[in-house]
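Read through the structures below before going on.
In the two complexes below, subunit A is the common chain; its partner is subunit B in one and subunit C in the other.
What follows is the complex of A and B.
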């Protein structure tokens, strides 16, 4: 930016900005859809039901399946992987059928849970029966399997190089992958649209900030328009 | 089942237990073990689980047992050929069709889902769905109030559209208006199933395509080109591609639809989990035989996108590999810039590797790719030679599949043109002998392609090569070819050229039975008899043959256009 250019930066004051904002019409139905999308994707079933009654917005999916999805996610998060697998297969047997990677990660999580519970013998048996064949098919799976089995080699797993497998974040990772697969099987997006829109808004504000001083939104919770800094 | 872990054999035993609870537990155990697990499927197939499960489906009446057995059967039918075979051998289809009219929704849904999985396999007999009242039952499901059931029914119908007759049967049973209705719902899942069925119904079916083209549904499909859901965009492209190719002389509207779909299809290449295999197929469909569209697609940088797919073989399914190669073949068919892009993308070695793929479809598409590329003299003399394509194609001449041999022989036609450096490679590695063997194959196309390649190979070649061919082929076979293939000569003009020349050679071999004059007069004489078209062709080739013969005999050298590049 050349010298003196900053003083040419145009300023739009709050009043002018609000006037501009008010000329943009956003359909109420679109806003409602956005809210419903958030509630359904994040799994707020009761809120979605109430919102449907009050606004007449269709959730686009069977809300009972959202409950199932939440129960499945919770099962993985609490280490009940076998239970989660049974529930997914009851919900829709096709989900695990052709997602080799997800399937492997669920079996890996089962192995991790067995190791966590100290069932060494059962863990080895399980790894051999369910995971080894997948490793034979796929080099990346084999590597992950080896890393997981390495847990058995350490007495103090918490201080081992593979300790992260036992952390809550590992369960969370598996739960998210499964959740995304269920959503995709119902033709839904993995993430709700709202966060993306907010990201886009922040990006657009930054772009505009290079050229114009205007009342920005910095606090996303209150969406308050900041005061334009005084010139000078 | 913690604590009470059964062995697999015990589970199978329990499938036939007298106690319904034990049966249910065993069923659930099998189902949850085999879903997504090919090893377990195979081991349970070996243990004889499938007939026992089908037995439950056929005789039991409790809802959970029916639901679980249907789901297990569906899983067996998915992922392994052995599983599909075991399921089909158990005559499960007739039982499933019976239960489709069950009063419980859950049962109907589970059975319909399982049917869908069975029909995802190419091994499933489509004809069964058109016998007795199977189709009307499916239609009932399609009209079900339960939208999930309707969706699954649409998906099953989508897999039952292999022949124009099947497509017409489904259309005349009244499926289309219902599919159009499902398309208008706001649930993406039903839109997807409906679009899937519409894409299958319009595929290579001009009657259904043109009927839909006039309706308002086209607007809806066009709108879905912009949908956020990638799968819906792929299917919308596929529908529009079918409709735009439905007439031999496309209307302005059809051009417009193709032009709308192409950029969307191009962007979809490589998208989705592991990439949709339909996207490259749709691109191939939209551009094949149309140099303008090939240019548009090439400008949209589709070749590098497809090349990128080829490079990540890790999660490339055989089907995606096949359609990717098909798309590259279609794009490089007539457009030199696309060929240049393909060479620059450095994937020729991947294409050569694909020539040795386990899947027949992949090998055929790879051949088509090589054929398109070989039309560029420049690349034929440079990149293609360096790629070792010739040896890989030669290996395919002894392939187990006739279609692969046909495709390989067709590709070799261009590789052995006189200006091609591969000609020598082929001659020195025994290609002549293989081609000569294939020239005697019982299949017409294979015979045609191999003779064509031989003809190009022998052009301006030295006598030893000619002698070698005649030794492998023998004059007796040649005579038979000449006599028996006359019918086919009528339809394959190019073929005649060769037959005629060979005919002269046969006569020559017979010593004294035919002179140049005799042959010419014979051909002229033939022209006066019989159908006009055929015999003027005879005459033409007769004369060319004479010229060939003359050059052979060294009377005078003439550089006729006896070599022909393969375009089809």
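What follows is the complex of A and C.
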């Protein structure tokens, strides 16, 4: 504890807090934009179109490109990696040209899908022809490649040490990486703004809690102010 | 009144930029100092003694302005041009009452990093072990992390650990020389620093951002917050589209009575389309109670007037105002001022192009009226429901928490700009 600081925490009760809250102004227009940003980033195209009509908020991007982005995401999530790569290149070939790691992860996902489908021969051919040369250039890629090829060694892949590669979360991971790359190529943030603001609120609440007793919000769904613990 | 009343223009506040130190304050300074023409260098010029000068013969000098408050780090540097006889040079900070015949750090409310022993000093003639000595050719720096109230020093670009905590402003950048021919040159940032300040700030910001990111939101939460928002304001079409294209978020209450969502939504659409008569008809048939609310009716009538002006039906607009708005006069000062503002649109041939009134001519104004009507309807059909969408409460809570957090740290450091954080 530093000089001049008392061990007694300052207390702001609920009534005072509510009074102060009412002095903070939030523009409706800004909230509308946050909602639109969420709908666009998460790819709810129809909802975004309707929201534009209902609130007059501009989506800020071409909504048809959002449709393309969602189709690409869906393709990876359903294991159609080749299809996804083709679609990305139609959208903007620079996305994959500029991102060696992303491209490797997509090829790796393709290999995983071949192994999942039981196409052992095709999988090996693909690994040797497309993935091995990249592994030679990059140690991290090589390790990833080895982990993936190891899937072939297990008859019961579900119980193998590399089983997570076959889980839905692996597709999700690849899809998210690709999605983020497309967003960044369109100069958009990779995550919608709202979750970051909410996390910032939780962080600030936590920081302030060290110094001041005040009504916190623990349930973000009801946004209800908690009671301030009694002094003492 | 409700938060959502129209005609309440939120002003963008323009704050004066804080003054920053940019040169030495020559109007008051310590003994035996020769200050360079550019007011950025000092030489100790006591010809009487060569060394071992008296403790009250120090030549200290401060910057012309105090350390600015609202930034992540304040930092300045000094290059030792000549260590002179003894190299009794100091860099640090001191308050406005500091005695300029003393070394920074010796007096209360002053801090210093001394060249001859490499020690850190605060409110005492006894230094504490800190870092290295410095001499001719070295560049030393002093900085304050304003938000966390920490003072640190650097030498030749190397950052030393935190020297002092709980550092409170106001303080002035301060340097001192104390033996014959000692000469230093100060850099308040007009030239690039030797120390990579930007990299350190970027690293510390990233560390904070990582800490923020480490908070996990429950799955589906953001989705739910958006759904609540759409429901609160009556954006039923968007809500339906969102729900159709996603599996129900955990915890969402499907099939609940929707507080007349559909009706509220229809009325919103009518207002947004500029069809005020239609909206009033809908209100009359579905929520006749609302028509008793003079305040609401007043705002609808005002909007109707605006819509008539938009159509350039000036004659009709004036008649409408006389019939429907005249009776409100003198009942309520808020209404009177609003009425005057609204009537002002009649004064311009092209009100949409006229800055004084253009804000009333746009879609935003229709939205604001729709929001006011919606808030009144919600109060009517769901008196127990919150008058604000949870998203609004959360964002206000964020703003207030940041505000209180800054106050709890001596009102120092960057101001969290909620408006900027919200602007996409």
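The definition used in the following text is that the second predicted complex is superposed on the first by the 224 of 232 C-alpha atoms of A that agree within 3 Å, B and C clash if a C-alpha of one lies under 4 Å from a C-alpha of the other, contacts with A are read in each partner's own complex, and residues count from 1 in each chain.
The working rule: contacts are C-beta pairs under 8 Å (C-beta built on N, C-alpha and C of every residue); 3 or more make two chains touch, one makes a residue touch a chain.
All of these numbers come straight from a predicted model, not from anything done at the bench.
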Fit-or-clash call for subunit B and subunit C when the two complexes are aligned on subunit A: clash
Touching partner for A:60 - first (subunit B), second (subunit C), both, neither: both
Subunit B versus subunit C as contact partner of A:197, first or second or both or neither: second
Partner chain(s) touched by A:228 [first = subunit B, second = subunit C, both, neither]: neither
Touching partner for A:208 - first (subunit B), second (subunit C), both, neither: second
Partner chain in contact with A:124 - subunit B first, subunit C second, else both or neither: neither
Partner chain in contact with A:86 - subunit B first, subunit C second, else both or neither: first
Per-residue touch tally on subunit A - higher for subunit B or for subunit C: C
Of the stretches 188-196, 278-286 or 404-412 belonging to subunit C, the one that collides with subunit B: 188-196
Doubly contacted subunit A residues - partners subunit C and subunit B: 60
Touch list for subunit A against partner subunit C, complex: 2-5, 10, 12, 17, 20-22, 24-35, 37-39, 44, 46-47, 49-51, 53-56, 60, 192-208, 211-212, 214, 217, 220-223, 225
Touch list for subunit B against partner subunit A, complex: 2, 28, 31-32, 35-39, 71, 74-75, 78-79, 113, 117, 148, 186-189, 191-192, 228-229, 231-232, 273, 314
Residue ranges of subunit A in contact with subunit B within the complex: 58, 60-62, 82, 85-86, 89, 92-94, 96-100, 103, 130, 133, 140, 184, 186-189
For the subunit C and subunit A complex, residues of the former touching the latter: 3-4, 10, 165-166, 211-213, 215, 217-218, 221-222, 224-226, 228-230, 235, 237-238, 240-242, 244-246, 251, 265, 268-269, 272, 363-364, 366-368, 371, 386, 389-405, 408-409, 416, 418-419, 421-424
